[in-house]
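In what comes next, subunit A is part of two complexes: it sits with subunit B in the first one and with subunit C in the second one.
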Partner chain A sequence: MVDAEGGLSLTIARVVQRLRGSSLHSQLERQARVSPGPAPALSTGFFYFTGWEKKLQNAVYSELNVFPSPCHPAAPPEHMKEPLAYMRKAQGSWEKRILKSLNSMCTELNIPLAQKRPASEQKELLNKWNEMGTDEPDLSLFRPVYAPKDFLEVLMNLRNPNYENGEQPSFRNHLGLIQVPLKVKDIPELKEDFSELGLNIGQLGIDDSAQVPPEFFENEHVRVGQKVLAEQDSAAAQQYVRQGCPTALRAELWALILNISNQPEDILYYEQLKSNVIQHNLLVDSLIYKDVKLTASNDDYYFVFEDYLYQVLLCFSRDTSVLEHFAYSSATPPKSYIRGKGELQKSFCFVGVIPFHGFSMYVAPLCFLYHEPSKLYQMFREMYVRFFFRLHSISSHPSGIVSLCLLFETLLQTHLPQLFYHLREIGAQPLRISFKWMVRAFSGYLATDQLLLLWDRILGYNSLEILAVLAAAVFAFRAVNLMEVTSLAAAEAVLADLSTLKVVPLLQIFLFATVT
Partner chain B sequence: MAGKVKWVTDIEKSVLINNFEKRGWIQVSENEDWNFYWMSVQTIRNVFSVETGYRLSDDQIVNHFPNHYELTRKDLMVKNIKRYRKELEKEGSPLAEKDENGKYVYLDFVPVTFMLPADYNLFVEEFRKNPSSTWIMKPCGKAQGKGIFLINKLSQIKKWSRDSKTSSFVSQSSKEAYVISLYINNPLLIGGKKFDLRLYVLVSTYRPLRCYMYKLGFCRFCTVKYTPSTSELDNMFVHLTNVAIQKHGDDYNHIHGGKWTVSNLRLYLESTRGKEVTNKLFDEIHWIIVQSLKAVAPVMNNDKHCFECYGYDIIIDDKLKPWLIEVNASPSLTSSTANDRILKYNLINDTLNIAVPNGEIPDCKWNKSPPKEVLGNYEVLYDEEMAQSDGPDRDMRSRSGQSTGIKGNRARDSGKPVLTTWK
Partner chain C sequence: MGGDAGGGPGPLQEIVFRNFYTAFVSVRVQRARGPRRWLTCVRRRRLMASPHAEQGAQDYFSLPRHQMLCDVDQVTAVRFILRQPSPVWLHFTIEELQIFPPSQKSPPKDFPSWLSQLAPPQQPPGPHAELPDPEKVSAEAQQMWVLTEVIRARQAAARIGRFDVDGCYDVNLLSYT
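Entry: the complex of A and B
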C-alpha cells in the first residue's frame, strides 16, 4: 500500500499536470494577464472574486472523480488499467475477437475500415446532417459486432487461475454464472454507501408523487437545488442528486457534476468532429446506423431523437479525446489505419469504442435533457468515459460489469435463496435475464422519467453498483410470479416489461425494508 | 338491475365491441329497441333529422350531440369563436382584452381563418398585409387530412378557384366550402420534427357545461424533417401529422406509429425549458379547450340523450403558444400499434363509465355528475355549476400543471373565476 501522504502528493502532482494541459489553464493565464492591479495578480482575492476558485475546485473535483487513486509507484503502468493479470488477459483476447470479427466483416463486404468520402458525398452528407434518419442505406449485410449475450458468455468463462474452485459443485461454490472471486458488497455495506436512499430521507421518485403535498419535501428540495446551481459547486451538486433531481433542474445539475460548461471552444471542437464525419467514412458508421435503426428508432420514448443519435455517435467515433479514458480502462484501443495516410492516421481512426447491439441507448435518454447537439455530445462523452465504458469491458473495478454481475447474483443468492435456486433449477439463471439491463444501464427498459431518477443516483454516488441492486430488486418485486414459472421463456415473460416500475421505491424497499 | 343494456354500433371497431361485451351488454340491430348507440356522424344526422322525426326515449343514449358540427366543422367552429369573442367584448368582459396590436390577449388561439369562397375579399386584404405568409386550405367537411394543401401566392388560390369552377364536378365543388388559415410556420420542433397534439375531451352536457380531459393524449410526429422552406410546400409528409397521411410515408414505423405520449412531452419540455413555462403551456391548452366549448355552448342543442368524445388537434409554436387547429367528432378508433390499442380501449372504457353509469340501462334524466372514482383517466376540466357555486376564492390546486386548467394569474387578472378543477 502507498502511505497516505505519498498517495496524496502523487494525486496532487497528477491533477496539477492534467490541469496544466487543460483549456481552463490557458483561460486562467489569459485572464491573469489582462487583470489590472499589481504583479501578484493571482492573489486569493482574485480567485475568489472572479469565480476562478469555484472553477478550479470543480475541475479538481472532476479529476478526482474520474481517475482512480494512484497505485504504488513501483507498480507497472498497466495496473492503473487493471490490477489483475487474468482480467487484463481476458479483456485482451475479447478485444482480439471483436476486432477479428470486424475485420472479417470488412473482408466479406469488401469495404475498408475507413476511407475518405468523395467531394460529392461530403456535400450530400452536410446537407442532410440534420435528417440522417431519412436515409435508408442497405445495411442488411451488416450485423452488430456483438450483443450483450455474447459478452455474457465470455464473462461466464472467466476464471482466476490462482483460485481453485473445483468443477464439483459444493456449498462453497457460487451457484451463479460468474465464477471469479471478487469482493462485492453485502447489504449492510450497501446500506451504508447508499444511506441517502434510507426510509427516513426525502426522495424524488417517492416523495414527489401526487399524494404527497409538495410542502412536505419537494418545495424545499427544489429550493436547495436552485441554491446548489447558483453556487456552481460540483461536489454539492453530486451530494444533492443522491435524493433525486427535480426535472427542471436536472440538465444543469448533471452538467455541473460532470463539469461540462459548453464553452465556445467546446462548440468549436464539436464542429471539428462533425467535419471529420463529413470527410471520412468509417465502417463503424454503418454499425452505428444499424444499431440506431434496430433500437432507438423503434423505441416509444426515443424514436423522436433518431437524428440526434446519429450526430452524437458519429462524432463520438472520431473523438480522439475519448482515447484518454483508456488510461484507466482495462480496454485498449484497437488500431485502425488509413492506408497511405501515415501522419494523419491518428485523427481519423475510430477511437476504439466498437458499438455493440444497444450502444445508442446510452445516448438516447440524454436527448430528453439537452437539445443543443454540442452540449448533448459533451454530456454523453463524459458519461461514457466516467461510467458506461465499464459496462462492456472486463475488469475487477467495483463498477465494472463483472463485479455488477457478481453483486447481483450474490444479492439474490443471499436474500432470495429459494427464488435463486428455483430459477437455476429450471434453467433460467437470473443473470441471463438481468445482464442486458445492466449492460445498457437500464436504458430502453425503464420509462424515461424513472431511468433519469436511476441515473441521478449513478451520478450522485459516482458508482454503477446501483444497477445491480436495482436488478436484484426487480427480481425480488416479481418473486411471487417468478416462483411459479417453469422455463426461462416464462421467466423472461414475467420480466419483459419494466416500463411500469417505480425505481426509487424498489431500491429503497430492497435495501432498507427487507428483513435480512 | 333492470335488464341488460342493448347496444348498436355502425362502427365496427374492436375497441368498442370489446368494451360492450365486457359489460355483458346485448347487441341488437338498429331497428330493435336499443339503449346505447355508438354511431358515426352520418347516422346522427339521420337520427335527428326533421324527416325521420325519430324521438329518443329516456333510456336511450347516443355518442354525439345533434349539431356537434358547430364545433367540429372547421368553418363553423371559427365562426362561433369569432362570435363568442365579440359577445364578450360587448359585455365588456375582461377576457376580451386586446393588446396594442388589436389582438385578443386571452382569446387569440385559433390561427387567422377565413371561409372560402365567402370571405375571399377579407382574405386577400389580410394576405396583402403579409405577403410572405403561408396559408393552409382545408375542405370544411373532410377529415384525416384529405383535400388539404398549402399556398403562399395569391395566384395559387386564383388558379384553384378557376379550376374548381371549370371542373366537371361543378355542382359538388361549389357546394364544398373551404377554410383558409394562416399556417403556423414556426411550430415547436422536437428532434427536428414537427408534431401536433391529439387530446381527448368528453362533454357530458353543454348547459351547464361539464367537460373532462383525458390524461393520455399523444403527440403525432411527422416522419420527415420539418422545413419551412416553400420548396417543400407540396410534400405533405412535412406538414401534416395525421396518422392517416403519415402511414403512407416510407418512414412510417409500425411499432410506435410516430406517437409520443403527452407525459413524454411534459418530461422533455420541463427538462429543457423549465417547469414554469411547461405548466403555463398546459394551462393554456386547457384554457383554449374550455373557451372553445363555451363558444359553442349557446348554439349547441344540449339534448339530454347525448354525450360526445372529441379529438382536439393542437399545434404548439416555438414560443410555446398552443393553437387550436380543429376538433373531431369521431376521433379515430383504429389502432395503429399495440399501445394505441390499449389507449383507445381504455378511452372508450372510461368514456362509457361516465356516460353510462354502472353500465346499467341509462336514464337520461340523471344529473350527469358521476363520482370521481369512475373517472379513470379522465379529469374534470370544467364544471360550470361548481365554478358558479364556489366563486372565485376557491383554493386552486397548487401543484399546477398536473390537472388544472387556467388558474393563478389569469383568473386574477380577469377578476373572474374562469376555470378550476376539482378532484
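Entry: the complex of A and C
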C-alpha cells in the first residue's frame, strides 16, 4: 500500500495531468489572460470571485470519483484494472469467446466488420438521421453476441485456483451460485452506508405521496434542490440526491453530479461522431439495431425513444474517449489488424464495447430526462464509464457484478434462510431470476418513475450495491408467494412483473425495518 | 511460515513485495553489532482485511523505514514470518520481494520529493472570513504552479478521435491476442 502522504501526492499529480488536457483548463487560461491584474492568475481570490473555483472543484471531484485511488508504484497497469490474476484470466477468456462468436458471425454472413459507406448511402443516412427507426433492414440473420444468462454461466464457473473448492459440501462452499470468496457487506454495514435511507429521514418516493401534505417534506426538499442547483456544487448535489430528486430538477442535478455541461466543444464532438457514423458502417451497428428492435421497441414505456437510441448508441460504438475507461476496467477493447499504406499490418482498437442483448436499455431511461441528442449522449457515456461497465465485466470491485451477485445471495441467505433453502431445493436458485435485473440495473423491469428514483441513489452513493439490496428486498416482499412454488418456472412467474413495486419503501423496510 | 534473507551488513530503506494470500506479515532483523538475536521491526502487519476474503490478497505492499519499530542500519539478515489463519486457501506466500538500501529510491516515483511535503492543514475560516492572507496564498500558489510546470512535460490527455488508419478502414476480422 502507498503510505498516506505519497498517495495524496500521486492523486494530485494524476488529477492535474488529466485536467490539463481538458476544455476547463483552456477556459481558465483564456479567462486568466483576459482579466486585468497581476500574474500569476492562479490565486485563490481570483477563483473565488469569478466562480471558476466551483467549476474547478466540480472537475476535481468528478476525477476523484471516477478513477480509483492510485496503485502502489510497483504495480503493473493490469493491477489497476483488476488485482486478482485469476479474474483477469477469466475476463480474458470470456472476451476471447465473444470475439470468436463475432468473427464467426462475420464469416458466416460474409459481412466485413467495418467498411466505408458509398456516397449515395451516406447521403441517404444523413437524410433520415432523425428517423432511423422507420428503417427496416433485414436483421433476421443477426443474433445477439451474448445474453445475460450466458454471462451468468461464466460467473457460476468462476473459481479461485488457490481456494479449496472441494466437491464435498463444506463450510467452504457457498450455497448460492457464486463460489468466489469476495468480501461483501452485511446489513449493519449497509445501514451505515445507506444511512440517508433511514426511517426517520424524508425520502422522495415515500414522503411525496398524495396522502402526505407537502409541507412536511416535499416543499422544503425542492427548495433545497433549487439552492443546490444555484450553487452549482457537484458534491452537494450528490449528497442531495440520496433522498431522491424532484422530477423537475432531476435532469440538471444529474448533469451537475456527472459534471456534464454541454459546451460547444461537446456538441462539436458529437457532430464529429455523427459524421463517423455516416461515413463508416460497422457490423456492430447491425447488432445495435437488432438489440433495440428486440428490447426497447417492444417496451411500453420506451418504444417512443427508438430514434434517440440509435442516435446515441451508433455514436457510442465509435467514440474513442470511451477507451479511457479501460484503464480501470477489467475488460480490454477488441483489437483488429488493418493494412495501412505501406505497412503490412497495424493493430488498433476496433471499437469500445460490444453490445449484448439488452444493452440499449441502459440508454432508454435517460431519454425521459434529456431531449437534446448531444447532451443525452454525454450523460449516457458518463453513466456507462462510471457505473454500467461494471455490470458486464468480471472483476473483484465491490460494485462489480460478481460482488453484487454474491451480496444478493448472502443477504438472502442470511435474512431469509427458509426461502433461500426452499428455492434451492426446488432447483430455482434465486440468482437465476435476479441476475437479469441487476445486469440491466432494473431498466425495463421497474416502472420508469421508480427506476429513476433508484438511479438517483446509484448516483448519490456512487455505487451499484443498491441493486443487490433491492433484488433481495423484492424477494423478501414476495416471500410468502415464493414459499408456495414448486418449480423454477413458477418462481419466475411470481417475479415476472415488477412494474407495480415501489422501490424506496422496499429498500427502507429491508434495510431498516427487518428484524436481524 | 518464514524465510530468511542474508548478505553483508547494510542499512534498510524499504521492503516492497506482492502479496499472495498472506493475512499477516512480521519482519525480524538481525544486526551486525549487538546481541545475535532477532529484533522485530514490523509486527503483525495486516495485509488482508479479512483472512477469508480476497481483498488485499494479491496487492502490492511496501514497508518503509519510518514505519519500522527498530533501527535498521547494519542489518545482516532479515526474516519474514507469514501468517494465514484461514483454512480455505491452498497456498500463501509473498512474491516479487525487493529490499532497497537507502542509496536508490524504491520504484522511482515520477514527481519531485518536495511534493510529498504538503502544506500543514489550515484552520477552516470562521463565519466572518476575510480574504485569506496573500503571503500564504501566493506561497501555496507557487507550489501549485511549479507542480503544473512539472506536469507540463507530460503528454496532454487530448485525443484526436479518428478511427481510420492512413485513410483506409477495411476491417475484416478481430484478433485474439
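The criterion applied here is as follows: the second predicted complex is superposed on the first by the 499 of 516 C-alpha atoms of A that agree within 3 Å, B and C clash if a C-alpha of one lies under 4 Å from a C-alpha of the other, contacts with A are read in each partner's own complex, and residues count from 1 in each chain.
Quick note on the criterion: contacts are C-beta pairs under 8 Å (C-beta built on N, C-alpha and C of every residue); 3 or more make two chains touch, one makes a residue touch a chain.
Note that the structure is a prediction, hence the values are computed from the model and not measured.
Novice: Specify the outcome, clash or fit, for subunit B and subunit C once both structures are aligned onto subunit A.
Specialist: fit
Novice: Can A:130 be said to touch subunit B (first), subunit C (second), both, or neither?
Specialist: In the superposition, A:130 contacts subunit B only.
Novice: Contacts for A:370 in the overlay, against subunit B (first) and subunit C (second): which applies, first, second, both or neither?
Specialist: Only subunit B is touched by A:370; subunit C is not.
Novice: Considering only touches as defined above, state whether A:321 meets subunit B (first), subunit C (second), both or neither.
Specialist: After superposing on A, A:321 lies in contact with subunit C but is clear of subunit B.
Novice: Rounded to a multiple of 10, tell me what angle the C-alpha centres of subunit B and subunit C make at the one for subunit A, in degrees.
Specialist: 160
Novice: Considering only the touch criterion stated at the top, classify A:181 as touching first (subunit B), second (subunit C), both, or neither.
Specialist: A:181 sits against subunit C, while subunit B stays out of touch.
Novice: Should A:118 be classified as contacting the first partner (subunit B), the second (subunit C), both, or neither?
Specialist: So A:118 meets neither subunit B nor subunit C here.
Novice: Of the two partner chains, subunit B (first) and subunit C (second), which one does A:417 touch, if any: first, second, both, or neither?
Specialist: A:417: touches no partner chain.
Novice: Which holds for A:300: it touches subunit B only (first), subunit C only (second), both, or neither?
Specialist: first
Novice: Is subunit A touched at more residues by subunit B or by subunit C?
Specialist: Larger number of subunit A residues touched: C.
Novice: Across all Cα pairs of subunit B and subunit C, what is the smallest distance in the superposition, given in whole Å?
Specialist: In the combined three-chain model, subunit B comes within 28 Å of subunit C at the C-alpha level.
Novice: So in the complex, which bits of subunit A are touching subunit B?
Specialist: 130-131, 133-134, 136, 210, 214, 246-248, 250-251, 297-301, 303-308, 367-371, 448-449
Novice: Enumerate the contact residues on subunit A facing subunit C in the complex.
Specialist: Subunit A residues touching subunit C: 1-3, 5-6, 8-10, 12-13, 16-18, 20-22, 40, 42-45, 71-75, 79, 83-85, 96, 99-100, 102-103, 106-107, 112-116, 160-164, 172, 180-183, 269, 272, 276, 280, 318-321, 334-342, 346-348, 350, 396.
Novice: What part of subunit B is in contact with subunit A in the complex they form?
Specialist: Where subunit B meets subunit A, its residues are 190-193, 221, 223-225, 250-251, 253, 255-256, 258-261, 263-264, 267-268, 270-272, 274-275, 278, 339, 398-399, 402.
Novice: Quick one: which bits of subunit C touch subunit A in the complex? Just the residue numbers, please.
Specialist: Counting only subunit C, the residues touching subunit A are 16, 18, 20-21, 49-50, 52-55, 57-62, 64, 67, 87-91, 96, 98, 106-111, 115-116, 118, 131-132, 134, 137-138, 140-142, 144-145, 147-148, 151-152, 154, 156-177.
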